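The chains carry the letters A, B and C, assigned in the order they are written, with residues numbered from 1 in each.
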Amino acid sequence: MTTQTTELRMPPKPRNRWRTAAIVAALCTFTVLTCLPAIGGVELDFAGMVRNWANGADKMGELLRPDFSFLPRTITPMLETLAMAVAGAALAAAASIPLTLWAARPSNPNRVTRQVVRFIINVNRAVPDLVFAMVLVAMVGVGVLPGLITLFLFDVGVVVKLVSEAIEGADHHYIEAGQAAGGTQSQINKATLLPQSWTLYANQWLYSLELNVRISAILGIVGAGGIGRLLDERRGFYAYDDVSVIILEILVVVMIIELCSNLLRSRLR
Amino acid sequence: MTTTTLPDLTLPTRPSRLRETIAAVLVGAVVLVSIIGLDIPWTELSDIPGRVAEYLRLMFAEPSWEKLPRALFETWRSVSMAWLGAIGCVVVSIPLGMLAARGVGPAWLRFVLRRSFAVIRAVPEVIIALVLLTVTGLTPFTGALALGIAGIGTQGKWVYETIESAQEGASEAVRAAGGNTAEVTRWALWPAAAPALMSFALYRFEINIRTSAVLGLVGAGGIGTMLSNYTNYREWDTVGMLLIVVVAVTMVFDLVSGSIRRRIMEGGRARAVDR
Amino acid sequence: MTEAASTTQPDGVATPWSITLEDVSVTYPNGTRALRGVSAHIEAGEMVSIVGLSGSGKSTLIRTINGLVPATSGRVVVGGHEVTGLRGRALRQLRGHIGMIFQSFNLADRTSVLNNVLVGRFAHTPSYRTLLGLTSAADKELALRCLDSVGMLEKVWARAGALSGGQKQRVAIARALCQQPSVMLADEPVASLDPPTAHAVMGDLARINAERDLTVLINIHMMDLARQYSRRMIGLRDGEIVYDGPAASATDADFEQIYDRPIQSRDRMGSAL
């Protein structure tokens, strides 16, 4: 009885059996194709995996026994990581203001320039962060500079995309009033649209700062500065007790930054 | 305009903006200290644009298409890693995330699961995957596995948030009709949450496509490994070609997956999700 | 074309402009014909209300006058300037002389009342000054006087979003006044306000019309408000003018023309006030 009542309460769902079958078939085909080593797919080598896991078990055990005497050596690189994160986020925040205004429809009615900016941003977003870092290290040399540029580019991509979408999702009745008063688009943007959207910006700036701490922690893996270099080095020496200290430290720092960022965010009005 | 003929205006006092000013100064100081504290080669900064331009010319003036077949092969390897990793991640995180949702599992389990998700989330996915990889061996299969495990933190959070937001209306109706927890889950939560969960699953795939390239950089195979190798060989025309392939493939998958996600959410705005 | 371009008098009040519509039609890009051959002449300093059913083209008509909606055919002449055909800078200059207020107030909620009123100075301010946030002392003084004239001076530093509907509409009126306009357009300025506030806002508009001798055009739903505050009424139906005459002497037959049925008590806002 009860189940019947529940069934009646369900919203009617238009079903199309053929379409469902086609989708399932497509998904299965795709999955099978990803498992074919002959065309580049992943070889599902369970036996090898079991062997590897057995070998790795004791290393994993070491991860659970962090050696805290290593901690002092991590402080300077960690500060470098944090400084990179803050500087990258700040530079990107400055650059994101005009770029976002270009990329959003309410603030830029010109279709051509809008699409150009969006395309550039999308290309930028399609490059994985560490790939940027690696190529930049090859270009400008090992150090924090390629890391900083990577964070900057990454943040600009994130902020411009998310904020311009948020601006497009919001109502902007006041733009019509600005037009009716004979204002240019840039006057309207500066005097009304920016004050109106600044919490959207601030939210994403804080968010990009959070992401930055996580990313700058790994940039060192390809030589772009920060704690990642140390992590990669200890990993190379199979010093898993040290690796574990570094990971714990990253974890704590990321959580602290998130806490601060949430605190600031709740103050935004 | 002659103000003399008009009566004087008595302006209300302007509210104090001291707190805003202090906050702005603080933020400015932190940023300044960070930038100054960084070990940036200020003197060499001026010739960096020239150097970057030179490398960009080397890469993209005449990218070498000779190794394209190999690049596509490796790309498929990366995509496969991403796909299998996404499947693994989704298959694990949906039940775990559901159990972590309010009103589904017991309170202690919810607490444990949420804390674990939070911890996994706080460590960069790449580091989790990297450590797993060094322990278990650098093969594409373990790469996929690492992607699956590393994504659980975020994915699990999305699942329980989705379930909880779906819960409000639908599950009360079923409960009112006398349904038990299993029935509520099957008949109320699942139908309401399924579109969002599917869309998140696809989103995980999109994220994994980027992360799998990064794992390749450290040796898990796929396009990332190829890119890393040719960067080390300093064969810039091939690197240029590889970058074009990476960008094009990522954009195409973003585009396809993004439009499927929008279809799934039935015209509704695809929810902005954090990484 | 007898009237001069800029007609600001020494005391900051502009001379009113007349409005002429000649066979104006508007077809929206989606094919909707919102106006069909509308012709009318509005004298400088007149206060005219435009009534009609929802969708009859009132908003479209009022927006053709400042070019927010371009006329598809016909001529719109405001104060001797032909709006149709104006683009870019010239159009913005012309709009600077035409104030407009909206049903939903159209304020930027997250910024101060003062900044919202200063929007009215856009056409009279070089872009770079706005971009650098430089407000001239004269503009600020003018904005404050306009706020004062609608009784909103003490809210000058408040966020626009923190005001009530009636207060918002008054700030919006101050914004339009701050343009020192020669014509004031109002698109259902009281439709989202309660009756007493609606009367207050209509009273403000009537006072502006009387004191500054400003041409005022108001879209309005409420018959009794239209009759009470304006002398002339234009009735629109399906994009055509079906009534144009004194507001007070419109007969029941005229209302049937406009509304497709006899006037009923519920078309009035209530006679309590």
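A few comments on the model shown:
FYI, a residue touches a chain if its C-beta (ideal position, glycine included) is under 8 Å from a C-beta of that chain, and two chains touch if they have at least 3 such contacts.
All values reported here derive from a predicted model rather than from experimental measurement.
The chains that touch both chain A and chain B are C.
When the interfaces B-C and A-C are ranked by C-beta pairs in contact, the top one is A-C. Separating the centre of chain A from that of chain B, both taken as means of CA atoms, is a distance of 5 Å. Between chain A and chain C, the centres computed from C-alpha atoms are 47 Å apart. Interface of chain B with chain C (complex): residues 1-3, 5-6, 9-12, 14-15. Listing the residues of chain A that touch chain B in their complex gives 2-3, 5-7, 9-11, 13, 30-31, 33-35, 39-45, 48-49, 52-53, 55-56, 59-60, 63, 79-80, 82-84, 86-87, 90, 122-123, 126-131, 134-135, 138-140, 143-145, 148, 162, 165-166, 169, 207, 211, 214-215, 217-218, 221-222, 225, 231, 235, 238, 243, 247, 250-251, 254-255, 258.
Within the complex formed with chain A, the residues of chain B that make contact are 30-31, 33-35, 37-41, 48, 51-52, 55, 72-77, 79-81, 83-84, 87, 118-119, 122-124, 126-127, 130-131, 134-137, 139-145, 173-174, 177-179, 183, 187-188, 191, 210-211, 213-214, 217-218, 224, 227-228, 231, 234, 239, 243, 246-248, 250-251, 254, 269, 272, 274-275. Against chain A, in their complex, chain C makes its touches with residues 66, 68, 91-96, 98-100, 102, 104-111, 115-116, 118-123, 125, 127, 130-131, 133, 172, 175-176, 179, 185.
Listing the residues of chain C that touch chain B in their complex gives 10-12, 138, 141-142, 144-145, 148, 153-154, 156-157.
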